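Structure incoming, see below.
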């Protein structure tokens, strides 16, 4: 039986409006024919045209993409290993190190990595950002993979072993395909976290490594032109496309979250 | 792991590639056509990164950031940066256009003999205002009192912003009381703090640069800000066909002058391109291009003929000799003074 | 179980991620603990660890002394706590009905409804905050409509942008999904038979909620509260953008130490205190959740 009162509906609709109103504003103003972003003047595509000639912005988008892809690939590999290890074996230190980066304030992680890179004489830039992003993404991937493994039927792997498969073969042919939705979901999450990260990137960025969030931050603080709206509309479309592709490739992967 | 290393190598490649000049500059502080012209001349690429504050630049360098060729700090930071060993001496032989610069802006106490730095452009921290609103309210904007005196502020409550900078706000308050912007007397600082705390309830926000848009839209009427930004706000107001204009006012008590200068990093990968770039920017036409789009003050004699007359006529940006005397450059503070100032600033912001 | 081969596998699989996290997480954090005991350098960064004059380790507890002797920092912590606590509470009030609705709708719709909660969350954080600048700005349709309504009942027009209110709205907005998801995960598992039983025993809807649903959902409430409270505590971008003259939080002061004042050791001290509090709170939430389960 379904128990839904009118009050519950009203409250839920309010929550959805609250969630979506800002996004509607962002998208709508990307077509607004006014530099000031204050009142509606008229419809235009000009900001998109301008955006594609804005080298700063394109460079920043390219940096973000490069960092996001590299960091999510590496952290997915490490995160899957960590998730599997936590499920399979008794690990004492690993779960702590997986959870801690999620639990501590982001600013602490950014600052401590900054000090760390300086002491090691690693120059700040793309590499330091990627290394940092991997560090905070591993945990999220590991948790998603771990929860996926928890719902898995152990006997399948055992059957494969009984049929003479090596542990590696059993993992590759049986376990991996079964946990694939979790791995994809984790990778997706890592990619989003990386491409959206501002605080840790802010502290670890250096020469030639301005990312989109950093670029947007300078623009938000300075005179904001609708180019910011245009770039974020495109970004939203990109992530939406990614989600749709992922849900086609691995149905149910989104549920793992 | 091999894949990881290969990937990292790939990522780091652009930084190592040959003909690139890495410019670490203020946001929007160079004319795009000047960049294009330089790229065509040197057959290289200019890679730009941006900062919003000198401290951001210093923080990055202190953190060991390497790879920048040319940076554009404000003069008063040059002495400290040179002492910290982050700069390399300039080869004046490679800078024939150095002669274009006005002697007033050379050989400052921050860099005697211009060993490390070459003036680029300047801005004055002053007051920007909405001319229509001020006329309606009958407020004459000619003093820091507009920012600090509650009697005037009560007419414009919530329509005022001040810079989000501990050094600038303190300097303005010190000037208001008739002290030097570089006064370090703790009693005077205390007095300035009291003044700021009394005025703060009338201010809308501390803003680093967001006030440009707020002035153009008419949301904010009076700001404590940089002359360049106030110029941008006026352009914005005109573009939006507003009925008002945004004007500069140089307070009679005096104000802070920020002379930004080009320097070459000690670790610059391409000092040759860096010298070439600096010399290029000293050409009258290229120097004027910056002033024409940003409304900055200009230390270059040869540039004057290329600057638009409507900019040259803004007295607050190109002050007469008498007003120029009341401008001061901020000096860098020592560790202890900085800590004390930050303590005061934290209190100002928390209260 | 613990055959040598098994142990080999364990380290082969668990070792690399463990090593990575030790190098790029544990060690930096430990260095940070040490940094809070050092002196700051003249031009930022840290003073040399070995002082040249005395030839000894140059360590100091002065930075902690500064924190504990000056009430202003404690005051700022309390203020940040208040912001984070209000944010958590508002998130809970908004998220609860939403999570309940999703948990009680038909199975085939649930995924979509959950996705709709996460979706805005996949666009850039700063953009979402920035959108609120437009909505709360003095020229927005929303604010002028509100002021017209207030005007008819004789209340002075209000400004919303650059106020603590704006900071709370921003904080609630970016953290809401962290509250909805754990709540939903919990509420979904509830057995509807319990509510039926309560109804049969004559309990009205209000009583059924407070006596059955809410107590059962407490673990979800605690998890959500921890996920909202901790990140909200250390944030600095939102007060920076929406806060005006009164919205400053401890995150802003930490950022200042690194980017304005060149006082890394003191910044480290503030971060340490923040972390200790956050971890303690997370531990408390976990403990309370475990207590309420038994």
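Note that the chains are named A, B and C in the order they appear, and that numbering of residues resets to 1 at the start of each chain.
The criterion applied here is as follows: a residue touches a chain if its C-beta (ideal position, glycine included) is under 8 Å from a C-beta of that chain, and two chains touch if they have at least 3 such contacts.
Keep in mind that this is a model prediction, so the values were computed, not measured.
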Furthest chain, CA centroid comparison against chain C: B
Which of A-B and A-C has more C-beta pairs touching across its chains: A-C
Intercentroid distance (Cα basis), chain B paired with chain A, Å: 36
Separation of chain A from chain C, taking each centre as the mean of its C-alpha atoms, in whole Å: 17
Chain A: positions in contact with at least two other chains: 37-38, 114, 118, 220-221, 224
Set of chain C residues in contact with two or more other chains: 45, 137, 139, 258
Overlap residues in chain B, where contacts from two or more other chains coincide: 63-64, 217
Chain C contact footprint on chain B (complex, rising order): 53, 55-56, 58-59, 61-64, 80-81, 83-84, 158, 166, 200-201, 203-206, 217, 219, 334-335, 338-339, 341-343, 345-347, 349-350
Of chain C, residues touching chain B in the complex: 40-45, 70, 72-73, 75-76, 79, 137-139, 159, 162, 243-245, 248, 252-253, 256-263, 266
Complex contacts: residues of chain C adjacent to chain A: 6, 9-10, 13-14, 16-18, 20-22, 24-29, 31-32, 35, 45-46, 94-95, 97-98, 100-102, 104-106, 111, 114-120, 122-135, 137, 139, 173, 176, 180-181, 192, 195-196, 205, 230-231, 233-234, 236-237, 240-241, 251, 254-255, 258, 264, 267-268, 271-272, 274-275, 278-279, 282
Residue numbers on chain B that touch chain A, as the complex places them: 4, 7-8, 11-12, 14-15, 22, 24, 27-28, 47-50, 52, 60, 63-68, 208-210, 212-213, 216-217, 232, 236, 239-240
Contact set on chain A toward chain B in their complex: 34-38, 56, 59, 66, 70, 74, 114, 117-118, 121, 123-127, 130, 206-210, 218, 220-224
